[in-house]
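Order of writing sets the labels: A, B, C, D, E and F. Residues in every chain begin at 1.
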């Protein structure tokens, strides 16, 4: 049972458009705050998009996700889970990036997450572009490779861009495999689609044993069947969940830099998360929400809703820290 | 057969972007106009959103709905119904609200609808927030409780907000049951979803016999099956239809104040209305269209299209006044 | 196998937001360029909307489609086709219209396409409103009527507007049948929906043998079944493909002048094109993309993605010129 | 003194966002309405932009101008004029254009205005693109050439476009001079600026005696001095006032198709109209408001405010009809 | 000299798009926080717009103002003042309003501000609509009437709306005079303009001795001269400063509900505040920023910049608490 | 006199919304094109914003500037200069940046400009963020320090960000002075304003002799007086002109990442450029146009208009290459 001090502000007490916006209206607990030790799940912003090779914007993601997350209430409408009662949760603030230095930023991110992990807190991240996941994994998988369930329209498994640049939002999982952060046999990528330069990424996936479920297979088999396979691939070991908002069709999630036509609808977008029930999640993220391309804010609201579904699963199932 | 004077202006005569925008390009017939007595259905705007506890805007709904309704033509593309030939219809104008006084506004609304009902005219309303339905029901159900088919992502059955405030857009149907305006056993709520504060509203529904069909049940059973049950619940008695635009998924209807992820698509949004065929409709509304959050106008176009589908059913089936 | 000079610029070499935007980053080959003779498929813009009876804007379509088409890469993610390797393709630029003279514009368009056809190049057009297709057909079907597979929410088969005006975006296929450019028995229209003035267009379709598949039939039967019938109707003869972006539901394609609620989703929007495999396509277009109503650019991105799917089919299947 | 029946609806009675939007909340009086004879000034919409050679949109102008004109109240804040008490005013509705036929549209417009003029009503027009002014002048100047004070960033005096097209929004005043509708010696054009193709228009102005006051002269001399000259040029004869919204700087009036940098600010935009006091105005227009480029609606609000200032001057000074 | 704990976060340490957005990146100090006693100036949000008779939206003002205020740095570029070093400042959070009950909301606001005043903290408010100022004045002027310098395009001195409603955003200063909160002889209203219903407000101002400086006088005399008079009117007594963002021209401040054409530009918008130097300010506000009408966020950025200028004056000149 | 092949396409021949958009509709001449040698001025895009410490977006600047530059015609409306006749001009395309590697990008930019300079072509650049100017200066000032006239609201003279990062858009001119690319005594910065972290940048300016003209001085003295001083500071030597769009007030130029309130209006924005007449310009740029914050495109149109004014001055005055 959670502490009363970690409950979100209710919209019955303070209207949801009011107040300083923290993630889901939770209290802000900085890394130096002694209450950090009491937490089970920490919501963290990574306002950073220096790895973006196309249209930038996710640096603004955490702020807009916080803003729209104030529309989230305390109880899951379908599963009935009340995550803030199941586990102590708080907003840990943003990692301070260096927008003009990629390597420095990655070190800052890894350093921040190491402190979170050491405090026994499970990180739930609001990105940031997808390169953010690499420095997070360096902290999360410090003691050995983890599995990963990855929702995305891209594999992000390329080797290099622009004549050999190794760190972009199209390369994080190639690096993570090379660095031993991911166990490729326990990685499942779901929703892959769109035009491609070539098949280099898919060939790499095949060569190391990553399972790629393209969108046409997803649509044919349906959510339940695909997710059963994903859970089986992840198995019982520690597993990271990485959710790129461009997994969802751009009509539902226009606010992203590299949309691809033909993705899941919004009901499926949440449903896949509910099917993670039982997975041993050691961290999760929602990345690539790009406010400059999201005039209505509805992409961020979808992103915040996905974060809430992740939180419900993590609060119920998380390994005892 | 309708009178020729109540036909909408054709886009073949006057382009649809031209002319003073009335609902569906119908003539404007004010309450003091002697032609009121000739009407069977009156389209009415309720430009009011003082009951909104979250993001306001539906006060602008009637104007934008009128504007986009000029895109509607004379004949239903699927059923072939030509409502303006089946029944005399007109735009009755807007109820004048008092934006700074909720109780005064509700009296004004009830007073306006009493005159409409007394003239034997069926009201089809463009809201306004959902609190609008309460003062409308006070006129429509003046002689006894009615049934209701309610499309929404929220039950609007809460008891109070902000320490006991009884009249908000989250409470109208709690009040309507208490006031004997609704027969709860003949009420069916469809599409309910999203996070919730708690289960107070659902517990109340259960206690009085309101049937709530949550969204996951809707998606599983499909439109035809769900609507067959709804028709059975409504039965043969007088029934009101209340359609909150946030029933529809926010990708299709972004222009609303309290969207919830995972709703029906736009084909289903219209299809559910066609399945109302045979219900004894004594009034209907489309509420919570919020133009400030609908930059493209497509939510209002969807709202106007729903109003047209409602009109087609009402014109075919309405009880003889 | 295509020439290396007709390859698109890769996003690995030049980021996709960079560079002068041609269709799919192909080289620009004007009609006077000697390389025209080497091409198999030419992408052409028709920046013209003088036939629009409702909300204008498609005159800006080609430029926005070029802009967003730079998000397209070289390989089809589902079929694996690499169209730029299968056939020499280039951007032929825009037809110069006369925005203040419809008849002059139609002559200019027909003249432009005659030169393209004479050079043995298959035209793939970015409109422009749907009247554009009429002067294109005058060039494409110069030697005899062709079949047509037509994706749209409207039949565009009306006889006249505003008291007899014969050339609008609602009349092109009536004219095309009258002029002997289309073989109506080999014409299939898919996705028709929305309110109508009357049934004049459908009566005409019936009278000449055009097959109209309304949207409710489309949703009931599914893509594969409907497209099998369409392919059968088109048969083995020369066939034109005309794709009005308002075929797709307005949540996925808001940027158009006359949207209709309840259309296909974006996965289906691409899927129908892949089912054209085997059709003898002599030309194709994507029309009615209207940038002033497409603030996010996602309609244009969908339009460019449809053009790419068309290109993949045309590059694989095109008759030897 | 005006009739009580021609007073606008007060915002104290009906909030300004409510009600069917007519120009300035005046009653709608169609051309067949017997009340037409009682009017002194008629507000008319010309929803037409077929003469636009660049970015279209003014076809939507009248509707958006009506919408935003509901923000206008009864009394001029600076001059204290109450135009609706000084003269009977009404909304005469829109001229029905033929969007697909320029010549037909011009005949329709001239026909409509002839009836207005014959009824002794002074027309105040909401365009429409600037070609609208030509068919209006054909009615207004039926009995002899009039003077004109013209606010614009362009002279609209070109001879032809696209190889000789004579009727575009860049040519109306060349035609009007040729047709004897304008007395060029009594024409003054104010605010001219922006890049030009060449000096053909200015050479024509010089050759016939039209006075052109470019923007740098306007900024140097100031409003009072420039307008004194304009009044002197117009003299005591019948004078038309044509106000292209692109006269104003695009920061204040972004919603237009051919903006030019460096124009007057919004205070000057209204001030120049107040300096028309004493001019014998026989008609006036505000044209080129283009809603698709005016997301905030503030251009239309400025346009409506200019219409109100024109109305104040016309109501005080208009020749007895 | 201020405490180091009350310094804003520097953009050199944490990029300005990062972090949980408090006003000007100051620490959040709630009313129950013991640090309240150390503060000299408290920044407070009043997310409330129930008094709005026209287009609503200012309920979202505090959040957007906080967001854009993160673009503000530590030092005034013109005066060199470093307010956060001159005085302890903090973000006190938002007053919790009751969006569905005006009287309750006013009591909540007054109660909140009483606690602030009692703690010896000067309030600088981000509204909210202009009715917010009335309950604030009830706390600020608890011990006697204060003077007021009021920037606005409206006097907000009307007696009632909609048949006698006394509490709207058009009536606060009528009430404040009646309640003895304002000394009308020490009140100066600057920038008044726009159309009016009648002269009732101005007549009231004259009758009680409020000085109204209309916009044409402002433009003629210039900032320095007008502000010298305003300072003289306010004199040496306690003075409140109320700044309605619609004082500024809508090109610079589109995000507001009741804009009026022809106001000051943005340089003047800040300049008038610097001329308050020497005034004994006991509280100040910036109201009527309406995010739904401020797509770019630039109105909120202007509002935050005005708040910063007010802070600079208050930090230098505030009476010793 | 220029060659006929380097004339822009006229809007009389091809409407301005048509055609593949190059800068000002000039021919595209790549660096490998032999026609490069015939050019006097080359328009170049630098689609790069990796130096941005705040809100990113200028990577999209060149494309949007090209798009809106098609609204520019051949002749300066005020000076009468016809730059395309005075000098051979062309669009040289974009420098290919590496969005994920700052140092690599700077080398690519310098390399590109070296080739341009070596060909005897004067570069006129469309940025890109302001860090772009540093690698450009490395090419332009290869043979010795140049003077600079710099329009901006920021000095961009800071030493480092985020704990010592030396290359950001806030540091280019500090670096340029240190590298000997600029002669600080011949540098004049105009329009500086906004809040600041501290005075480090101004102290540096003072210490090396850079003249900074803050905005209040600009507004007091006026354009002519300020520009006379700027010309005197630049003297007769080689001078670079760098124009940050945030020099202009954000009402006129909202599309930028770090706006500051209170800047020049749009007439002044062009006027300052005309006062550069006589300066020995060896290169110029317009930077920091950020399309994601420029929904209307009017910032880009202003930017393109400034580029045209620069072109007029450069074409008239450029040193013989």
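Heads up, the rule we're going with is that contacts are C-beta pairs under 8 Å (C-beta built on N, C-alpha and C of every residue); 3 or more make two chains touch, one makes a residue touch a chain.
By chain, UniProt protein names: A, B, C, D, E, F = Agmatinase.
Just so it is clear, the model here is predicted, and its values are computed rather than measured.
Colleague: Where chain D and chain E touch, do the two copies share over half of their residue numbers, giving same, or under half, giving different?
Modeller: different
Colleague: Tell me, please, which of A-F, A-E or D-E gives a repeat of the A-C interface, judged by over half of the contact pairs matching in residue number.
Modeller: Selected pair, repeating A-C: D-E.
Colleague: Return the distance between the CA-based centres of chain C and chain D, expressed in whole Å.
Modeller: Inter-chain centre distance comes to 40 Å.
Colleague: Give me the residues of chain D that touch two or more other chains.
Modeller: Touching at least two other chains: 13, 15, 17, 53, 55, 59-60, 96, 99, 161-163, 251, 265, 293, 295.
Colleague: What are all the touching pairs of chains?
Modeller: So the chains that touch one another pair up as A-B, A-C, A-E, A-F, B-C, B-D, B-E, C-D, C-F, D-E, D-F, E-F.
Colleague: Per the contact definition, I'd like the list of chain F residues that touch chain C in the complex.
Modeller: The touching residues are 13-15, 17-22, 28, 45, 47, 59-60, 62-63, 66-67, 91, 93-94, 96-97, 99, 295.
Colleague: Could you list, by residue number, the parts of chain C that touch chain A in their complex?
Modeller: Residues in contact with chain A: 10-13, 15-17, 71-78, 80, 251-252, 265-267, 269-271, 295-296, 298, 301-302, 305, 308.
Colleague: Show which residues of chain E lie in contact with chain B when the two form their complex.
Modeller: 49-53, 55-57, 59-60, 96, 98-102, 104, 161-163, 165, 167-168, 292-293, 295
Colleague: Could you pull out which chain C residues touch chain B in their complex?
Modeller: Of all residues in chain C, those touching chain B are 53-55, 161-163, 192-199, 214-216, 219, 249-251, 254, 258-263, 265, 293, 295.
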